[in-house]
Structure formats: structure tokens, C-alpha cells
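The same subunit A turns up in both complexes below, where it pairs with subunit B and then with subunit C.
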Partner chain A sequence: MSPPVSPSVRTPLLLALVLALLIGLPPFLDLGLQNALVNVLIAGLFALAFNLLVGQAGLLSFGHAAYFGIGAFATLHLMRAVEDGLAFPTPLLPLAGAAAGLAVGAVAGFFATLRSGVYFALVTLAIAELFHSLAPHWEGLFGGEAGLSSMRMPWGGLIFGSTLEVYYLALGWVTLSVWLLWAYTRTPFGRLTLALRDNEQRVRFLGYDAHATKVIVFAISAMFSGVAGALQAISNETANYSLFSAHVSAGVVLNTFVGGSTVFFGPALGAAAFTLFDHLVSDLTRSWQLYQGLIFVLVMLFAPGGIGGIVQHHLRHRRQLDWSRLAGPYALAGLGGALVAAGMVFMIESLSVLFGEGYAVLRRDAGGGHPPFEAFGAQWDPAGPLTWGLPLALFLAGLFLIARARRDIAALWESVRSAPAGRPAGRGPEASARSAPSGSPS
Partner chain B sequence: MKSLAAVAILSVGAALAVPAHADPLKIGIIESLSGAQTSTGRLFAAGVQYGVKDINAKGGFNGEPVEVVEYDNAGGSTGAADKFKQAVADGVNIVVQGASSAIAGQITEDVRKHNLRNPGKEIIFINVGAEAMALTGEKCHFYHFRYTTTAPMRVNALVKAMKAAGDLGTRVYSLNQNYSWGQDMQAAIEAAAPMGGYKVVGEVLHDVNKIQDFSPFVAKIKEANPDTVITGNWSNDLLLLMKATGDAGLKVRFGTAFLDQPGNIANAGETALGHYIANNYDNAAGDAAFAEDYKKVMGHYPLFVEPQTVFAMKSLQLALAKLDFHGGAIDTTKIALALEDTTYDSPVGPISVRKADHQTIRPVVVSKVVKDPKYPADGTDLGFAPVSVVPGAEAIYPVQSSCEMKRPS
Partner chain C sequence: MEFAIISALNGVIYGLLLFMVSAGLTLIFGMMGVLNFAHASFYMLGAYVAYTLSSLVGFWAGLLVAPLVVGLVGLLVERYLLRRIHAFGHAHELLLTFGLALIFEELVKLFYGDFPVNYQMPDNLRFAAFTVFGTDYPFYRLFIGGVALAMFLVLYLLLSRTRIGIVVRAAERLPSMAEALGHNIPLVFMSVFGAGAALAGLGGAVAGAFFPTNPNMALELGVIVFVVVVVGGLGSLKGSLVASLLIGLFSSFAVGIDWSLASLFDLVGLGPWARSLGGLMTMTVSSISGTIPFVLMLVVLLVRPAGLMGERS
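On to the complex of A and B.
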């Protein structure tokens, strides 16, 4: 990605505020949320490490689970050694994940980066699959399909037994890693990475070894993925071959693109949003993965720049935007979105009740008829006009509101865009259109 | 959905400021409730719901209804580790899980570590379906209880019953999935050879749920010319194997462990006729009262893994009946000790816990696929007819030497 247009004083201030919240808030949260935050940190770091490759070097890897998993297994081996008496400070355990990620990433990266585009993606996918099918059979290294497990050992007066201690350990490592990843983008080598994405041929003509550069970028990305894996190993105290599954690889792609791969912190935002979504919704409804998929599709269709893209777009134009005039249409669009979501959720949940086994029992007890079902604390008649009319009305009303708001928002943004000062210094007009917010035509 | 409603009701309840009340016993089901293994995960959850309904109908425990919380592990051990932490945060006393030994391995380790770190707040893990030997071997600990069979129990019962029926023959082929369960099965098939008077004429361990075409394996089986193929395969690996055998016109009898998985009989059709299964229970083997009551409450006859889950809950119910915390804090160690001393008379025979490794000593039912059975499967005219019920004392195997259980002092 490109660095912000004018790194104002506000960015560090904002970051300091976020960090202060991350440090100060967790002791007051319940155990479940503390654990969810550990997962947010891990997923965030993993997504940022992944984005070094996809967002900055333009290499879309479909097998990053391999380096995440390798980091986790390496750390577990070290943890087991510590359990057996090796004197190694517990807080430094992620170093094992970093080293293993770097080493395996360098080798895998050497082969994968021989090709680019779809072929690169396929090679990375194949490498991850290789680990996924090898691990359950390699008892010594990966512990069979049950995996390896260990226990965090006390060190320097810290027990590392509570979730909160794990959280702060993770926070420390994630902060350090993210800072390093950020610093990387400011180095000449970081600029070279961007150049590689934009025009590889030119990089070669300038006398750089494109392949070697790509291998290094790949290895660095794998190293930080390894740190994320290490943190997961420390948090869960086990790892098994399922860490290598396509599920994990797909998850990080999802997080990164929903968060926005063109903005440095975008992937972390996506990871945080999806991880918290999982935490809040996965035990409320069985259809949570369907909702997750819907969100992904909607973001890709209407805001390809992701959450980060929307935020960045607004920050960039914050001075030219007439916020008092935008507030109304934005609130209207928000309301419309909420109505559409409510209508969808109502329909999906009603259907899942009607096709569920609980309703089958009700039907049998009612002698094969269609008895009313219970949802959202009320009784609904499956054939009643209200049962289907209400969500449909919500859905349509929401769409109508969004369409109206969209017109107003588009007009307001148009005035910003035509103003001479509003020209964004991004990657040309295409990039700025791609990261346009959902309300504006692109 | 139901849980959404439950949340709504709970929040209304909280708003009304309920007066101080006793600690309810909380059971957390950590199962695959979304993704590929959902159908099996749902059955475990249904079994728990049925069992707890009865506990609550009879007054609950500790002056409160027993609460059941369902957690979706999304089919993976990482998800399970995460949900276990959530269960701890929610104050769950007993964790129940069954689908997948890998996930059970994760949960049992998590429970062990939690109990080490939180003395006085121990959590019990009731394993209702994970059959890997390691769970009662090197991973065994005091708070883990296995309420299902294991590979040697199934194979021993299968071999005994098939031999008695004259269907075993003298040449047995072992075909299994290449992971702990399949390896356990293969070891059990080898170990049972002298008792069954057969020779193992071939052994295969193959990838788990990845193979689309079993014809090369069928060709290998044909070459070895066995009378019986014993397999621990489940899901697609069993279905496709039987289909490939049928297509190749190979006349061989199967001894299986999971042929009763819903959908198998409907998919296999006539190919399944005459094949055997060794399992925890069969509707036609037990007294009909349980099957009928289950149907009344849940809408269908107990299926696949539901009965063993119900029996675990029934055992828990008996253990709880021996205890009274007078509305105070729940001492799970006392529940675990009571569970050890509980014998539940299931419809097919008594189920008790072996104290040395917390494996249950339980009967194994061997049945055969026949036409027009008492309880047809999957809406077909095929189903299972019990051949014999091997009593627990005969089916059990010695405690594994790798189990070093530390009992509470």
C-alpha cells in the first residue's frame, strides 16, 4: 500500500489511543471477551503479515496456513522442551515460531515465487495441502491427528495461567510485530516491494533481482505469520494438523479483503470485525457462517476497498467533506442497512426453524399440520401473511432508504471529487475509485 | 434460533431482578454444529437435550433446572479450544463432546490443564463418542469419562458374533482409515485373530475422507480373497467402499462399526444386506420402552450415536441423585466420584465406569442388515436385526499400561 498522504500528528495519536484501550480495557472484561481479544490480536497479526505479500507485493497466497501452522508447531516443540526442564523464558517463545516461519517461508517462497499470478497462488495452495496431508501421518513432528500439546510454564514470577497474562503477552508481541511491519513499508526495501507489485519488469530493468526480492518478502511474511501461529500455540497450548487446513488459509484471505488490502491497518480491522462477529454470533445461530459469507460478498460487491478503504477514504477527504450535510444521508443509509439486515435475519432464522428437527416434532404433535413456531420471543404462523410480509417489508423499506441515501451521498461526494484539492494522491484514479465507500458511485 | 429466544428471555429475566438463587448445574456441549460433520454433532446434542429434559422434569439438580449450553466448535480442534475457554467463562461444570477423537484430545487436555490451574473449580469431560485409545491411555485423567466403546470392544464383539453365526470365515481383510481410530481398529483386528480363528490376509490404511474411488482397493481385496472385510470406516469412506465392492460384484461380508450412520443404508441399498455392525445399542435389541419414549419426545427413534449419549446422561442423572449440595456451590469432584460408583441399567445391559481409566464397561450389540426389520432405517425396507448382545464383562479389555491416573486426594 502507499503510505498516508500526510502523516499528520493525528495518526500516532489515534494509534496511541487504540493501544491505551488495548492495554487498559481487558482487565474489566469478562473471560470470554478477553479470550476473544486474544483471538483478535492473533488474527490481526496474521492478516497484516499476509497482507505484506498480497497488498504490498501483489502476490496472492492461498496457503498461508502453512506458515501459521509451522510457527505453532515449532513453538509447541519449544514449550515441550521447556516443560522438560529447558531454561527458556516463556515470553520469548514466539521466537521459535518466527524462526521456523522464516526458514520454511524462505524455502517455500523460493519455489512459489518462480511463478506469478494464478500459478503462484496454486503453488502456495499445494504447499499448504502438502503439510495438511503430511502432518496427521508424521507422528514425531506433528503428533499425528491428535496433535501436540504442552503447558505454559511459569517464568519470572508470572504463572501464565490466566487468559489475561496470555493476552498481554500476545499484545506485546503483536505490537512489536505490527510496528516492524509498518517500519518495513518505510524502508527502501519496502518501496521496492511496492514497485514489484506495480511493475515487475521495470524493477528488473533497474538491476534488481526480482526473484530474490520476492523470496525475501515471502519469507518475512511467513515469519510474521509464524509469530501469529506461535501466539495461538501459546494461547491454546496445543496444535494439530487442522491448522494447515484450507479453512485457515481462506480465513486470512477473507479477513484481509473485508478489511481492505490497500490500507496498512485494513486487514487488522477485517480480522477484528470477523473474529468478534464469530465470538458474538456463532453460539446464537447455526447460520453464522452463512451470514459471514453474505458479509464478504456484500463488501466485495459494494466496497471492494474493504472497511479500511472506506475509513481511509473518509479520513483523506475529512477536510473537504461537509459532515453536517453527510450525517443525515449516512444515518438514513445506516437505518436502511439495519432494516435490510433485520429482514434477512428474520427470514433465514425462520427458515432454519421451519426446516429444523424441533419443528418436525411440533408438526408431528400437531398431526401433520403447520403449527405456529417460536422466534424472537413471539409466535409466528408459518403460512401467515405477517410472518413473511414483515421481513419482506423490512427488506424492501431498507432497500428504498439505502437507494435514497445513496443518491444524496453520491451528490455530496461528487462535489468533493470535482474540487481541485480533493484529488487523492493514491495509486491513480483507479485506486481511488476502487476504495470508494459503499454510498458513492464508482 | 432457539438460543436467540433464550437470550431474549434471559435478558428479560435479568431485568426483572431475580432474587438470589442456587447454583445451577451447567452442561456445555462443544460439538460440530456447523460444517461438514454437523449431522453427527446434532445427534450428540439431541441426545444430551433428551437426557437433561428428564433430569429437569424430575426436579433438576441443586434446586435448579440443569442448564445446557451449546457451543459450535466448527468441526476443528482450534474452534473447540476456543469454545472451551468460552465455556469456562460461562461457568460450565460439565463438558460433553463426541464427534472426532482429535477434538476430544484437545478438550481432554484443556480440561486437564484447567483443573490443574483451578483447584476447586474442576470441570468434568463426558466423552460420548471419541474412541481413540489414547484418551483412556496416555491422555487419561480423573475428570475424563468415556461413555462409548473402543476399537477392541467393537472388534472382539464383532468377531465373536460373526463366528458364532458362521459368517466370519477364516480369511479376514483389514481396511481402515489412516489415523488413530483406523490404526486402533487394525491393531484390534490383528489381536483378535487367534480368538476368531482367522488369518489376516491383507491390511490397508488409507487417507481419511479423501478417496472418491475405492475400486483400486477393491481390486486389492479381491486378490487377497477374504471371507470378511472388517473396517472402522465411517461416512463417505464406508459408503463408497461398499458401493465399489457392489459394483465390482465382489461377494464379501463386511464387519463394520458405523454402518448405522443416518443415510448409509438408504445410499447403499441392497448392497448393505448381510453386513454386520458392532455398536453400543440397537433399537431392536433393547426394550422398546426407551425407543418409543425417545420418539415421543424427539420425533424419531434413537439413531446412531444418540443412544450412547442418552445413556451417559442417564448415568449422570443417577450420580446426581446421590448428591445434595443444598443449593450451594457445586463440587464437580464429588460428581466425578459419584459417577465412578454409578451403574446404569441401559436397555441392553448395565453400564459402569472402570475406575482405573474411566472407560465404561458396557455391552456391545452386534447386528446385521436384513430386509423388513422391526425398525427400518432411513425410510427404506432395510434395517438392523440384532444378532447378539455381548455383555460388558466379555467385551472389555485390560487397562492400558500408559494410563497413570492421579486421583483427587
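On to the complex of A and C.
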């Protein structure tokens, strides 16, 4: 495993730039994009909180929806109390989510961390399912099947009526939380968390209480997940038991590993990419989740470090890299990736049309035949050679280009790796597979 | 009495169905250490493939061919996907199967739509086996149970009485030693993965004709199957049979019981007080019947992580 954080000189500058964009840009965006950005912030914080447990402590949880949901419900209860006249400042509402996440996370974490590996994953899964199956029947706490709803109350001259106000509230909380999470990695306790991942036995031999440490890490991760859930509750003003569903837990796993769990900001990157893509393409295709699953599996197969891992790998070797020689093969691989993606998208969208309900109606109108269908602004014959030959040709051409480029890239990286410290060339197939970023998965 | 007998019958049959799916999962875990998140997807694929084939070549042919198709998918998954990333560790394999489960679900939605399909048993199987308390008991339920029992018998004899069984058990216990003795362990792994997938596919093909066949069936059953495998002991075939029956009976009895925590307090005269608290106190067992398996799983994981019949933890 590579070190989790890459303290680079340019990082603060880059972060300041991102923050400036996040502050300055939204007023000029339309409402839909503002909403999408709120979701990006929430998903990003959730993924970073999740990654504290997964990437840094090495504990793979499949039930983080539980703490996200708990944070949301706790916040809604507080919002309802505020509606009934409790004097509580609206901007501080996420504190309820944090407190509930911390409390529930401490209890759940105590039990879950009694086990490790696969068993830990199963306990977390069971806890989330426990909430998911209990919530629809628990009227008082989770509002039954309909869930809870409330209104954001004005406070101190702020109405909290517009999406923009909610956005800035979320931005404030996410910035604070991310800064705290980052600061956490710099503390001795943060280093202990990493040690737990890399060699738990040694941590115990050094005299630390491994179980207590894991419980604290779990609780902190759950606390920040609770903050993310709270922001979701504030933004949507409603929540029901579906927040506990396996799809929410799955979403954060996808975001985190596609973004890269070994890099601090990787998960946020993944969350931002997936959430924005979801916003952009959900109107265009019904198969977005299929693409998401495909991207995830491709990343797992060919770039286990995720997007963040690839970026970090290049940054670390930036002085040794000869970009004039790499640019060609990289462009070739990018083109190949684009062709493969185009072929896949074409195929999936065609199938989606052909097997969809709309086409069934068309067939009935045409008397049971196979009338041509429309996709990408053109008419296609379902039995025509072009309809299936074109995507297949795109796909195969892309694969060919990637294979070519990959050979060149692997050779170039081999020279980079062996050059500086005079290490023997070739560190096994894993290393070269890791370094060759095959086909941009998009 | 009527409730008890009908519930017991339904519980045993549901338990046997759970066993059909969990048998492969527990074998694969015991052998390769891979907890296969996509296993319940093989169950779903079995139902959908059998549905497609039954309209083309008839119900029985579909029932026979569907497990083979699903087993082939399993073989390919092991050979070309899982084996590739074996070097990155179990966590990565777990994540890969997790991604595959998502893809299978979405593919099914792509081809068959996001709603149940009309996969039905043939009419000549649609009769009552016997009548209890004036209710006809469908023969097909017994058929599901019979297939599961036959499968258990074949699997048990195969593993305990044949040469193949010895190699498979050796590969499970000490893979490197078995390999040193000249057995092709990667081939054994691939075959077991494929066989496990085929068993789940058979379960889906048989059960899909009776229970609804929809894109959620993998998710719904998948979590319960994890519970079964954990309670029975990861890697133990007998354990998963016992646990399947246990969970099956639990679920079918719980539906008809309207006790709540408050009725426990009634015994010591605190019932009204407990009812006034509401919340958890007044929830009836029937309304939280879906929760009970998870409570059971948590208790087993925390008290006896090796499961009822598992040897390792």
C-alpha cells in the first residue's frame, strides 16, 4: 500500500483554487446545477467520512447508510422541534446529525470491530439491514413508511428558502468537516489509524488498545457520515427508511473506490464525478447505474488505486516522466478508451431501446415485425449489419489501440522506475499493471 | 394447530430453497475465502434464463438448461475476472463481486424491464398435493423442497464418497499441499465456483416459477443468504442446511405471531407501562419478522463467529 496522503507544496494552492470556485461559481449557475452541487458536497463528505474507516483504518464497511440515515433522521427531529418553537439556530442543525452519528456509531462500532475482515463487513451489513427493516414499522422514530418531513426555519435574517442559501450552508459544513478529517490524519492518533491498517498485531505489541482505537475511528467516521446525512435532510426537508437501503451503502462504496481509497481526496473526486455525471446523463439514459457498475468493475480490474491512485502515481514520478515521449501513447490510449466507451454506450443504448416498453408498442403497431428504431438522432434497422457491426467495430478498434498503447506505456514506465535509484528493472506484473492506466473509464 | 402445521411446512420449504442458494456460497467461501456478493445474482439469472427458455423450448428443458448457462457464467467470472485480481487480496475480490452484482441487476433491468416477469410453472404441475384443514397445499412447494433435498443428497455423496470429493475437500483444507501432490487447484477452484453458480441458478429456475421473478429478487434473497451462511458457519455445508431450515421456520412463524416486548412485561404486571412507552415496546413480532434474521446473525457473529457448525472463525 502506498502512503495515504501526499503532502505536496502545491496542494494548498490547488485546494484554495477549488474552494474559491466552489464559493464563487454557484450564483451564476441554474437551479438544477446548484442542486446537483449540493448533492456533490454531501456525497463528497460522505465518501471522505467512509474512507476514514475503509482507506485509513482498513475496515471495509458495507453498511454506512445506517449512520448517514441516522444523521438525517436526528436532524429532522430537531427541525420539527424548531418548527414547534425551540430556539435553535438553523445553521447549527447538522450538530444533531453529528451527535446521533457519533452515538450510534460508537455502539455499532463497538460490536462490529470485535470482528475483522469479511466478518466485520457482514456485521456492518447486518446493522444497516436492521435499521432498514425496522424503520418502516417504527412510527415514532422514523415516521413509518412515509418518513419524516419538516421545514427549514428562518434564523437571524437568513430565510434558508433558496437553494443557494442551502448550498452555502452545506459548503460551510463540508469545508469544516473535511478540514477536520484532514487534520485528523496529521495527528498521532491518525498515524495510529494507519498503523492499524498495516499491521494490527504490531500495534497491539506496542501497547495500544487496538479495539478501543477501532471503535473511536468507527465512531468518528459515523459522526461525519451523520453530518452528511444531516445536510441531506436539511436540503430535502424529508427523509424515509429508504435512506438505510443497500443502494445508499453501495453508492458510497462505488464513489470511494472509483475515486481511490488510498488518496485523501480520492473519494471526494469519485463522489463528485459520479454525482455530476448522474445529474448530466440521468435524463439521457435509463442505464446510468449499469454504466456506474461497469466503471466500478473496470477500475477494480485495471486500476485498483482508482482515479486518485493514478493521479498520485503520476505526481510522485513527475520529475522522472518524459512527457514528450509519454504524450503519444497516452493520447492513443485515451482515443482507444473513447472508442471502447462509444461502442459500449451504442450497444447498451440500442439494447435498452429494443427491449424497452416504447419499442414493444412500436412493434405492436407494425404488426409484430421489427420496425427501425431511433437512437442518437438516426434510424437504425434492428437486424441491419450496421446497427451491430458499428459498435462492435468501435469496440474492437478501441481495444486494439489500448493494447498497442499499453505496451509502449509499460515500457516507458519500466525505464522510469529503474532509472533513478538504480533499482532492478521489473517488479513483477502487478507493478506494471498498476502503473499502466488502461483506457480512461468514462 | 392449523397455523402451526402450515407455517412449519412453508418454513421448511422456504428453508430448503435458501439452502439451494447458500450451499454454493458456503462452499466457495470455504475454499477460496471469497465472500461472493454476486451469488444471489446467479439465483436471479437462473430464474430469468429459465423464463426465457421456457417460452422457447418448454418448462422442463428450461429447468435443465438454465443451471448450465448460469454455471458457465460462473466459470467465466472466476476464470477471467476473479483470478485476475486474486493477487490484490480478498477485499478486492469482495468489491469485484459486489460490482458484478450491480451489473447483473442492471442487465436484467435492461433486458426484462424493472418489473416482475410472468414466469409460471406448467399447468400439469398446478395441483394440490394434499388438503390440510380445508386448505389445498400446492404440490409445487413440495417440488421445490424435493429438488433441494435431492441436491443436498447428491452434493453430500459427491463430496464424501467420490474421488472428486476428496480432491475438492483437500483443496479446501490445504490448497498448496493438494497442488504439490499434482492436483490442478485453479481448475478445482474454477469448477467449484461454476458448480456453486449452477446450484444457485437451479434454485432460481425452480423457485422463480412459484415466487415472483423480478430484478429485486437477488438483493432480497442475497442478504438473507448471507445470514444463513454466517449462522451456519462459513464453509460448512451441514451448518448451512441447519441454518436455512432455522431461518425458514423463524420467518414463516414470525409472520403470524403478534407478541411484542410489552406482552413480556405483562407477565410481571408492567404491560400498561410498557405500552405507554410505545416505539420498540409495542412492535409486534409479525411486523418486524424481516428484522429477526439480522438480529440472529448479529448474535451469532458476536457470540460464536464460527457459526453453528463452522470450525474456523
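Criterion: the second predicted complex is superposed on the first by the 413 of 442 C-alpha atoms of A that agree within 3 Å, B and C clash if a C-alpha of one lies under 4 Å from a C-alpha of the other, contacts with A are read in each partner's own complex, and residues count from 1 in each chain.
Operating definition for what follows: contacts are C-beta pairs under 8 Å (C-beta built on N, C-alpha and C of every residue); 3 or more make two chains touch, one makes a residue touch a chain.
As the structure is a computational prediction, the values presented were derived from the model and not from experiment.
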item	value
Subunit C versus subunit B on the shared subunit A, clash or fit after superposition	clash
Contacts of A:Leu294 with subunit B and subunit C, given as first, second, both or neither	second
Subunit B versus subunit C as contact partner of A:Ala375, first or second or both or neither	first
First (subunit B), second (subunit C), both or neither touched by A:Thr238	first
Which of subunit B and subunit C A:Ser352 touches, first, second, both or neither	both
Subunit B versus subunit C as contact partner of A:His137, first or second or both or neither	both
Which superposed partner A:Val361 touches (first subunit B, second subunit C, both, neither)	first
Partner chain in contact with A:Gln320 - subunit B first, subunit C second, else both or neither	neither
Subunit A residues contacted in one complex by subunit B, in the other by subunit C	133, 137, 289, 352, 356-357
Complex interface listing, subunit C residues touching subunit A	29, 33, 35, 81, 84-85, 87-88, 90-92, 94-96, 98-100, 102-103, 106-107, 109-113, 219, 223, 226-227, 230, 234, 278-280, 283, 287-288, 290-291, 294-295, 297-298, 301-302, 305, 313
Complex interface listing, subunit B residues touching subunit A	1-5, 7-9, 12, 33-35, 38, 42, 46, 69-72, 74, 76-78, 81-83, 85-86, 88-90, 101-102, 105-106, 109-110, 113, 116-117, 132, 134, 178-180, 207-208, 210, 297-300
Subunit A - residues contacting subunit B, complex	30-32, 35, 39, 133, 136-137, 144-147, 149, 151, 159, 161, 163, 232, 236-238, 240, 242-243, 245, 247, 279, 282-286, 288-289, 349, 352-353, 356-358, 360-361, 364, 374-377
Subunit C contact footprint on subunit A (complex, rising order)	60, 62, 111, 114-115, 117-119, 121-123, 125-127, 129-130, 133-134, 137-138, 140-141, 246, 250, 253-254, 257, 287, 289-290, 292-294, 296-297, 300-301, 304, 348, 351-352, 355-357, 430
